Amino acid sequence: MLLRTQKLGIDFGGLKAVDAVDLVIGAGAVTAIIGPNGAGKSTLFNLLNGFHKPTSGRIFFEGDDITGLPSHRIARRGISRTFQTTRLFPTASALENVLIGYRMHTRTNLWDAILRTPRARREEAECRDRAMRVLEFVGIPELAPLPVGSLPQEAQKRVAIALALVSQPKLLLLDEPAAGVNANETAALAELIRYIVSSGTTVCLVEHKMRMVMALADTIIVLNHGQKIAEGPPDQICSDPAVIEAYLGGRRDA
Amino acid sequence: MTLFFQQLVNGIALGSIYGLVALGLTLVYGVLKIPNFAHGALYMVGAYITFVAAVVYGMGYIGAIAVAVIVLAGIGVALERVVFNPLRHAPRLHSMIAALGVLLFLEAGAQLAWGAEFRRLPSPFSGTVVLFGLPVATQRLLVIVAAVAVMIGLSLFLKRTTTGAAIEAMAQDRAGALLVGIDTRKIAMLTFAISAALAAFAAALVAPLNLISPTMGEAVNLKAFVIIILGGMGSIPGAVVGGYLLALVEVLGGTYISSSFSQLIAFAVLVVVLAFRPTGLFTRGV
Amino acid sequence: MRVPTTRILWLAALLAALAFPFLTDNLYFLSIVITAFITAIAVYGLNVLVGETGQLSLAHAGFFGIGAYTAGILAVRFDLSFWLALPTAVAVTAFLGFLVGMVALRTRGDYFAIFTLGVGVVITGILDLWEGVTGGTDGLIGVPPPTRIGPLTFESLEAQYYLYLFCLALTILAVRNLSRSLVGRTLLAIRNDEHLAEAIGINVGRTKRLSFTISTSLAGFAGALYAPFLGYLGPSVSGLVMMFNMLLYLMIGGAASLAGPLVGTLLLMAATQGLLAFEEYQLLILGPLLVLSIIFAPTGIAGLVNRIGQRLSDRKTKPGPSAAPSSPSPKNRARPSHAPPHAEAGN
Amino acid sequence: MISSHRLLALGLIVVTVGACSDEASEGTDADGTEVVNIGFSGPLSGGAAFYGQNVVNGLTMAIDELNQAGDIEVNEQAVRFELVTLDDRYLPNESATNVRRLLQQSRTPVIFVPHVGGILAVQPMSVRPPEFLLSAYSSDPRILEAANPLTLMIPPRYDGYFEPFVGATMEAYGNRLGVLPTNTSYGRAWAEGVTEEWRRQGGEVLGDHSVDYNTTTDFAGPVTQTLADAPDVILVGGPSQPTALIVHALRQQGYEGGFIVMDQAKFEEMEQIIPRTELEGSVGVYPLEAYTSVGTVGFVERFHEKFGRERLPTSEVALNYFGMHIVAQAMELAGTVADPQAIRGQLTEAARQLSEDRKPYEYDTVTKEGHLTGDVVTAFIQNGEYTAIPIPRRSGRGAPVE
């Protein structure tokens, strides 16, 4: 068990976006979080990586209580994430976008930077090296020198994943990694996720594409109106009446 | 005690002006997310147009106000089209800097057109009335009554008409407004028109109490920013309440602390408030 | 092959700057260029915060004023040597910048801009009203020129010119090293997306405070050089006009570029001095110029030059068969043998 | 990076070499007549632009007269004057830059600066080569305290006004003084001087309510405060127009006492905004148009011919006009247009010799300290008429003559 939450909840001015959720993310597995629109999936991610401070409940990572830590400290503990919409620096190259992800493992300070000390140069080279290796890992080493803005959608997704991976996280949170890419590319991204897990990083993802989720996830957690309504392996979730009700009901509303 | 009540009236009159100017500023901010640093310059131009219409063309005071309001609405639209619309997808920083450019242009332009000397706008309401035993300048009363009427009118317009509702919708969510079929282009222009017209109206009301000069808008502009920050940027009741609050703090602070520092009070309040509430007084933190 | 070109350009600029006093005996030109050098240092400071970190501070001129007044007051009232007053002024400005930054950076975006606007007004107000120390509206009179150090004296304007040129060169070198380093990339990451930066483990709050402090230190450094050069200080050195000018120089020169602040400052200072006949209506031209440049050339002169340079070099490299196409499709490209399994799955 | 370090080293070497270089330059000539540039650095934009324009008008008028008459000859050569104006937006640091520019670009032997900040900022520059004569238009006594040998201070110093102003108003209205001047250091210095004198003459000084006349949106607040103490006389002053408004607001709230009006505000300009009845009981600078001497009448007439009837010939126009004529006369007497020391040396004689029609005021002396003085007259408005109050002459640097 890598991460565990206990009665985790947050409310925005009376609206309970996430309500007393208990969940467990097992090490080395793929956990998927699904649910209809507005179920609180992204808010849950924001709680896990510290963007939002929970109004109730606790979060434990590797047994330590990380509730209320600022997100950069949570990132340093080994939780990394991507965003629904890829937020990259369009005019910088893929390599330059990715290398900053290793920044938290470096110690270059202002004086190192201004005086270009050996440490500054060594760490810069190290960052570049790590970034290049991760770009190779996600399968796009040849795109390293190109500006990210000129890359196709799927390649940008890979750059974003590379950026999240370069810090060598223990847990990778992927927020709709396959949004906006076609079926072929979705399959390729699913392969990449499997490859990431096989190399030792635990993955938790929020995703709408059910076929991808079913094929990929070891455990699925279903949220509705901020509450966890089901949890289990894919085949069990498929036949869960509460889940079917939530999805059909949700669709009717929309 | 008389001093207190007299100062209260003065504060309310000043607050009415602050409120009107801040309203225009907060409207543009709320709808278009532009901190319009040129707003004070629009106020200044409004005063000059009133002056020209009243003194040069010999229109009545009321007629001159109407002319100024209409002309400034036009200038507001032009500003939106020429400057801010092309920048709507650019980083926020760019609109802010462009607004600074507009501010300097308008000030220099006013000096070219009307000279640097102080101008005085005569008002037919130059007398004094006695109110509960206090002598109050009629013009000051006019300021209060007219400003309150316009504030009420504006809020009715925003709440009760479909156009007003469209403005509010766009303030909430521009993309969403576009989806439900609101002509965001038209609303953006309208917002600027209303904002500039409000500035002109405020300037025309206050001009007979003070002097008109190319730099008259600078102090008011800074104060208006303080007000909308305090009131919550984009909040309409916030601008009105903030306007009165700041004016009262200034006038009473000037009375009971030191008049020298009264012009700095606004900024000191701003700095202190934001230090404790980084998103303003009346906004709910997210 | 563009890096050497850039270096040659910088070298040429430096040589020209070194030769300048020999080419003219006009002290007025010299003093304008010196003013531009000093202002450019402050603009480089503004660039760190606005250009690279993406935070619009309108208190920059205020910190310029604090640096200038600290150096001026130390020299006038305490007879402190320039070489002690200068570092003290920088330290004082940096410290105040750090304190203000702690509070100011709790706000974000537009709030930050307006908050710093308020800070700027308060600083000017204090310089104006604290008569006993600052000299009030009349200002501080009789700040002596830089005192001698070793064999070097700075009585003549030419000598001062080289001193200020040296300071500017030092600033550019430091800023260049900074922006190319991991620290500089960290700033850029924040400008690009604060949330993303936070999510990859960057302490955004601390880094922004660092950026703010660097920026104010440079403003203080420039201010502390300005005081002995001019010999006189008034509260307006920290005022809104100064603030606007710095912003104008930065945006027209090109934010987030190395040459931008210098090019913008030199060019616009020369232009404003050239608009002699239109003295009173300069702003009638500069205002719209700023608006137009924001709309049509948001990256400033440096951005334009870069774009042209890129296009030229693109044209040169395009015919080559080995050049990378501008929008490659990853699927068609050969993958290294150790590629992850999805490469096959994708086809 | 190695190259950068080398370059910096090279730069340092050049610093030492460059520091030794020298410059030399000489005056310019035109065909037949010699052209002499007269410098001006003052506010031509921003809040004080109108004031600056008035000063420029005074100088232009004098220069046009001199050029038209063509009667200034220096060393038997005809001289033509040209005015070079630079805007400093009332900012002393800009004045310093402008002065450098005037000296280098236009080689001006004389520079007019009409505000005390700018004057104090550039005074030290006047004695460094290239030297120049600083024509200072501000009534602040600190200009003389600097003991600068190349300054000509044109207007009467304001501290001479305190005693007669206080005496007249206290006698006429009573001994409670309200304080409501503008909040500049100039205004504060005035307030300090007047309140000190007021106490010395046995009066009571009420609360200080000075406000910034330029940035205050509505004066009602401080006006109400001042009146709450029931003053008999109120000290006001700043630019004429806002001063008039303050007087108006005070009258509107029922005030019936007198005013001490700082010399920055001019009655004739105030009367364009408010009726004279509201100024009843005010002491201040005597309006130029009320003078009846030949020089003044002629000046006023020529001014209106040149600039139209709506514009007012205020004292800043007249005194700078006057100053320019004295400087030109001194150049003729000194036999040089380029040596500020020599010109300065002839100022006293020039002021004495200047023909009556070029003297809008009865000032006839330039003191050792470089101050233009003479019989200064101020005005007390009583029963709607200007009554003259003479100011005693000063002898030298000390206190007013007793």
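Quick notes on this structure:
Chains here go by letter, A, B, C and D, matching the order in which they are written, and residues are numbered from 1 within each.
Assume contacts are C-beta pairs under 8 Å (C-beta built on N, C-alpha and C of every residue); 3 or more make two chains touch, one makes a residue touch a chain.
This one's a predicted model, so the numbers in the text were calculated from it and none came from an experiment.
Between chain A and chain D, the least number of touching-chain steps is 2. Between chain B and chain D, the least number of touch steps comes to 1. In whole angstrom, the spacing between the mean C-alpha positions of chain A and chain C is 37. The distance from the centre of chain B to the centre of chain C, with each centre set as the mean of the Cα atoms, comes to 33 Å. Annotation: 39 Å between the Cα-based centres of chain C and chain D.
Per-chain Cα centroids separate chain A from chain B by 46 Å. In chain A, the residues touching two or more other chains are 116. In chain D, 44-45, 49 are the positions where the chain touches two or more neighbouring chains simultaneously.
Looking at chain C, residues 280-283 sit in touch with two or more other chains.
Chains that are in contact with each other form these pairs: A-C, B-C, B-D, C-D. Of all residues in chain D, only 3-4, 7-8, 10-12, 14-16, 18-19, 21, 23-25, 44-45, 49, 85-87, 89, 91-93, 96-97, 100-101, 103-105, 116-117, 120-121, 124-125, 142, 184-186, 188 touch chain C in the complex they form. Within the complex, the chain B residues that touch chain D are 2-3, 6-7, 10-11, 13-14, 17, 108, 111, 115-118, 120, 128, 135, 137, 140, 206, 209-211, 213-215, 218-220, 223, 250-251, 254-255, 259-260, 262-263.
Residues 174, 177-178, 181-186, 188-189, 192-193, 195-196, 198-204, 210, 214, 324, 326-330, 333, 335-336, 338-343, 345-346 of chain C are the ones touching chain A in the complex. The touching residues of chain A, when paired with chain C in their complex, are 49, 51, 70-73, 75-76, 80-81, 83, 87-89, 92, 96, 99-101, 103-104, 106, 108-110, 112-116, 120, 123-124, 127, 136-143, 145-146, 150-152, 154-155, 158, 163-164, 167, 184-185, 187-192, 194-195.
By the touch criterion stated above, chain C contacts chain D in their complex at residues 7, 11, 14, 18, 21-22, 25-29, 31-32, 35, 131, 136-139, 141-142, 151-154, 156, 158-159, 161-163, 165-166, 169-170, 173, 230-234, 236-237, 241, 273, 276, 279-283.
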